[in-house]
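Note that chain A is present in both complexes that follow, paired respectively with chain B and with chain C.
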Partner chain A sequence: MKRLLGTLSLALAAVAFAASPASAQTPKRGGNLNFAISAETPHYDCHASDTYATLHFSSPFYSTLLRYNLPKFPQIEGDLAKSWTLSPDKKTYTFVLHDGVKFHDGTPFTSADIKATYERLRNPTGGAVSNRKATFSDIEAIETPNPTTVVFKLKAVNASMLDHFASPWNCVYSAKDLAADANAPRTKINGTGPFTFVEHVKGSHVAGKRNESYFKKGLPYLDSYRGIFTLQAAAMLNALQGGQVLAEFRGVSPAERDRMVAAMGDKLRVEESSWTLNLLVAFNIEKPPFNDVRVRKALLMAIDRWGGSQGLSRISTLRSVGGVIRPGSPLATPEAELVKLPGFSKDIKKSREEAKKLLKEAGQENLKFTLWNRNLAMPYTPAGIFLVDQWRQIGVEVEHKQSDTAPYLAALRSGNYEVAVDFSNLFNDDATLALSKYLSHKNNPLNLSRANDDVIDDLYEKQLREGDVAKRKGFIQALEKRLFEQAYQQPLLWWHRIVLTHKTVMGWKMSPSHNLGGDLAEVWLNQ
Partner chain B sequence: MLRYVVSRVLLTIPTLLGVAVLVFFMLRIVPGDVVEVKLRGDGGNVSQEAIEMERKKLGLDKPLMTQFGDWMVGVATLDFGKSMWTERPVMEEISLRLELSLQVAIMATLIAVFIAIPLGTTAALFRDTWIDYVVRIVTIGGLSIPSFWFGMLIMLSLLAFFNWLPPITFTPIYVDPVANITQLIWPALAVGYRYCAVVARMIRSSLLEVLNEDYIRTARAKGVYEKLVISRHALRNALLPAITVIGLEFTFLVGGLVVTEQVFNLNGIGQLFVQSVSRNDFTLIQGMVMLIAAFYVFVNLAVDVLYAVFDPRIRYT
Partner chain C sequence: MSLALPTPTAAMKSPNKVVEFCQQQPLGAVSFVIIFAMMFAGIFCELVAPYDPLAIDFASLLVAPSWEHWCGTDAFGRDICSRLIYGSRTALVIGFTSSFIGSTLGAMLGVASAYFGGRIDNWIQRVMDILLAFPLIVLALVVVAALRKFVIGGVDMNLIIAIAIPIIPRVARVVRAAALGVRVMPYVDAARAAGYSDSRIIFRHMAPNVVAPYLIMLTAFIAQAILAEASLSFLGLGVVEPTAAWGLMLSGNAADFYREAPWMILFPGAAISLAVFAFNLFGDVLRDYLDPRFKV
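This part shows the complex of A and B:
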């Protein structure tokens, strides 16, 4: 009876706790939030970046046209846009913008700023760089009938366009600034976001203070914040434990989580989610013998992903086995189908025998090559070591070369590598975003395999223009099959996100992407 | 003496010039392109046009000798140009970190000198007694334990015993001396321990050598107080090799604390050096090499001058 009562009490307590989540409490205004950023951005320009280091730095200063509603992810909501409509032919988006919005320098925000921003995104000029040029290539024209309305006319139906409008990388810049210098956002911050820029002490921190004229009334809650660069995980964890920082919003490994939970107990909040991030193996098909599909396929077939995921998930942020779309998300290939694809068999012994046979056929029984990798401990190093071991088991000798991120990426982009551990850093589960990495190199220079494959391009185009979800899924799976059969690139494992925050940090919302939710507008301190 | 100092100062000019020539041209031989790393290094899809524009902006489109000439003109006026990566003045990038690194080096030196001199002297005077053994254990410990690891122990101990850590961002000493010292005393202790061990062992061995010299025996035979024999005659001479070590260690500390800076999350010169090398940031590397070289030259000069102060037999002509 006592045990029953105890169980009931626990259950009631759990229900009571669930009924009063952190977000339901009344937010308190004020305070300064110190949080860790485990990398320092080389510049401030969101359009020219693919690293969270830029977003965690810049997001609090900027707004975007649309954004994701994180508690209801992947639902989209307006940010600078108050509302929007899509024409019946699905080729015209009309956005109504908030009025009374001002840039931090006092300049009123209008539709002209949206136009200037998106013109820069789709067609950068004057030395500006846009990593989203291909994403917005379907935009035919941007019109601004009045200061609070902006109209995007598309060349063709694009099933992913709304998701692209919600991209966190599309920071809205001032038309005035861009007219003066197309590259101004690289070094100057002037947004409409919840915080205004105070200082960036290189190598140390970035600081922001409340934007008193932020267009969302009552926000932000914090007086100020400081993003402190903690380049070493150990230093970051110490700082978190010691209370110098109250959060790190990217993610930590399971071992780091366990250490912090043991040290901090109930002062720490642990939030976990699958992650829209994967590591992948990329072959440079311009470098023999990787121009031979048999060699590439053999190497992929030698990898025991299912076994590896069990071991690696204990020591690193790598966890789920999946294809090109995040496992478990609506467009992902189910496991039953996935295991039929090369590299995903659960019978690793048979798979490796076949791999050896393929290498023999290709005359590459004594294959040796260099595997390029980033010198980041988590999870790149364990992933690299894992791959070296997997390939050793079919008699392949691999030199594991780890390098700083910038020279590593520069080498990969220039094609100066044989095989690399690459990454796919997404912010949603939309197929177009995930698949664009595999488009022919002639169409997307970011395709590291440098392969040109018209079949893949055709399937990509079909899924992009398809409004019917079932049909679209069919095209996506066909593309995935083609990609893995040709073995240009293949996801190794998908990441698992673990975010640690002090329980005094409230209002921050967990999501499957570390690129989202960085504006800190609704974050407050329960102190 | 003055003539010696002036001639040594003048000699620094060809020395630094040699360093400048070497660093400039050797960096250009090293494979890697700063523009590629800068623009493609965060994963971007960059057009060739953007790369060429950036190359032009950084002056990398000019002939090598013109680039060298431009840089040398700048160096002569203490203008080291702009960082190719951050596009901020090199002097600004360095001075931002130099204050912290210099302060850690000075604090570590003070800790080392003030502990090492009595420690080394005591060990020598009580040779082969338990005092000597304790000092030897402590100093061997200092030499064996890497500074960064000792730093990690300090941090974990502070967390475990006091649930406290020093501030994580740098505050200049003139803004808030307490916050400044609270942050920097720990890395200074971490590196100062090893530094102290090196100096203490040097003082011990050289003092033992000096104590066997004829002039010490003579002083004692003349009835000079033992304290005076030690402080005035023995220690002054025994300090000479220690001064050289102190000078070299000090210069090393200014730019060589890469891992210790990471442990304490310090924004110092060591980290900047590593970052600038990995980014092929030529102008910043050049500026930092010139700075470290200048430090070595001037600290060595100071060491030579101190030699004369401590040992009047040494006179430079």
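This part shows the complex of A and C:
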């Protein structure tokens, strides 16, 4: 009997050990993580940015009020907030904050810092820029009854507000720093995050070391990290293969994955997910002839998305055809409806004939323009090559101009472009977040088409306040139809995320967004 | 009785002379054929190329060389042979223009430096020394990164300038050496005594006598410029996709697919090597032809 029990317990132990995931191993403290960042941030300010280049750089230095629980995505959990409550009328959020938190410069963190941060996000002053102004426009007042409590009062019910509070872009800044200079976060790092800033060598790397007074006890596990800027994909993959970097957290193409798996075998961990990210074709409607809806529409109708997705998905991170909401998510427009919209027809021959007619009507049969694009190999370059080819098929001549992230963003933000490959970088499937990109430029500077359209603003507002899912979906589809009929901008294709890490990198969590999980607090090295 | 000597033109047209040249300079003949083919392809690429070099065909991704696609297709299904043919235009335009600009400016500086001598010579040569301290590709990298892009008629002028600048000191140094010999010639003293201006003496009397080294350097640097253009495009600082350019064909998706589609790197690599080989040989032949010491 004893022998039987012994055998049984050994078998159970073996099964338990075999079933335990890698992440369930006991984390080891220490070590330095080198990882690749495939673009260099133009500045350090999360509020003024919408590129992962800023988040992969800044996230380890900062905390946010709430955040996503990645293994249970899209469940939300507290970061600086210990707990929160929502009033019965759904218009008041009360957050209880962690006590004893300190900024890296030693200043104690209080509710005043949350207030200052969110005031800057919803209504930036003193030359500061907030790309989240539209999403926080429902906040009426922020109150701080005591140092560990902050109360947000909303003008109206907003079903998306909790998701907005969990946004990784809401880095919490010190009220003292913002009072001294509203633009301080652009050039100065002072957060409450798990790592403190060591150095940023432009063109080379960013380095951080463990924040010994981090408020989450026992974290972070790493002693230090170094984010190395590897703008060339080939250089990044070689560095990954050679062990100079142990991870790249944004994503690689299927071909790059296959190459690395063939080269590294079981030393490499591959994780895949659909991606809350799409590339957009954006027209600057202030630049003739793109102020003519016929020209814009013709250019969108010339793009064979369905054929392109089949080919591009084999060689790049671009994959799914979809509208403004991620395909497959509950509020996305079904394919049967999507194909009726301009730019999504499956009869590309007919669509291109119509596009040519529109260009003729607009007197733009010999249209020539410059397509601005980012010089990131994946997937911006394939997208640029594809678009140039598609437009040539209706007789349009396009010069493809690729530049570094900083000048690319500067040109797009200042309106110094004609047509651009833009991106919609989301961190969840919330419709309000996705649609805010298309709000009038006066309400959201992230709308790079610079279009002001009251119909779109009105439909956005209606879907935001609508509690009935079916009705809300109706407003979203109406907005999408209006957007594509006016052809200000349109998603090209949605991405597919593939992340490669050395198997020695533990504790990092995969999600559908490369904007999440960048603080590295729970990452450790199994060496 | 009169002795009828063949005119040089007639000699060149004589099939025997062509055969004689091929026998004497077999490598030179090969280089001529390659350069001629490259120039023909570059000039008449619209007629020669079997496909549109920019046309994507997702149904033909990574097709191996066949009768339909002689050099196969790339990751976008584009015909590699057509891209090579169009790429020869890019290589020639950038290679010849940057070599011409660099060599001409270098020759002018070299002749002026030799003619004026003294402090002017000293200053020009020290600047040339500084430029010579950097390898050609490194200096071109710095210049192209600093200047960014400035496209006129589909050609990046700053790329041409970036490649031309490192050529200047190399040509200036060689041409100066030749011009120092010319400066002490009696006819130059005579021109000076006759009161001719410096510019007239430089351009009318000295420059024509350093044409031989100038032409040799110009030809040799076309090869260097083609290589520099290919290198810069490979590094992402030269020509931008989807333009057909040999260096660019070796970068991007080629790095991901070269194992399953080796033709993606084989043919552009061969084209670059052949072009560099041909222009270098052509330079050697030109030197043999123009340098009197090699005629003895």
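Throughout what follows, the second predicted complex is superposed on the first by the 502 of 527 C-alpha atoms of A that agree within 3 Å, B and C clash if a C-alpha of one lies under 4 Å from a C-alpha of the other, contacts with A are read in each partner's own complex, and residues count from 1 in each chain.
The rule is short, and it goes like this: a contact is a pair of C-beta atoms (placed from the backbone, for glycine too) under 8 Å apart; a residue touches a chain by one contact, two chains touch by 3 or more.
Note that this is a predicted model, so its numbers are computed, not measured.
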Chain C versus chain B on the shared chain A, clash or fit after superposition: clash
Which of chain B and chain C A:K202 touches, first, second, both or neither: first
Which of chain B and chain C A:D50 touches, first, second, both or neither: first
Residue contacts with chain A in the superposition, chain B compared against chain C: B
Touching partner for A:G384 - first (chain B), second (chain C), both, neither: second
Touched partner set for A:L446, first chain B, second chain C, both or neither: first
Which of chain B and chain C A:A141 touches, first, second, both or neither: neither
Touched partner set for A:A156, first chain B, second chain C, both or neither: neither
Which of chain B and chain C A:Q244 touches, first, second, both or neither: first
First, second, both or neither for A:A234, with chain B first and chain C second: both
Partner chain in contact with A:K133 - chain B first, chain C second, else both or neither: first
Segment of chain C intruding into chain B (one of 44-52, 134-142 or 170-178): 134-142
Common interface positions of chain A, toward chain B and toward chain C: 231-232, 234
Residues of chain A touching chain C in the complex: 231-234, 237, 253, 255-256, 258-259, 262, 307-308, 310-312, 314-315, 375, 377, 381-382, 384-386, 388-389, 392, 399-403
Residues of chain C defined as touching chain A within the complex: 54-56, 58, 61, 75-77, 148-149, 151, 154, 235-236, 240-243, 251-253, 255-257, 259
Contact footprint of chain B on chain A as seen in their complex: 34, 42, 48-51, 53-54, 124, 127-129, 131, 133-134, 187, 201-205, 226, 228-232, 234-235, 238-239, 241-245, 263, 404-407, 409-410, 413-414, 425, 444-446
Interface residues, chain B side, partner chain A - complex: 32-33, 36-47, 49-50, 53-54, 57, 85-88, 93, 96-97, 152, 155-156, 158-159, 163-165, 167-170, 262-265, 267, 271-272, 275, 278-280
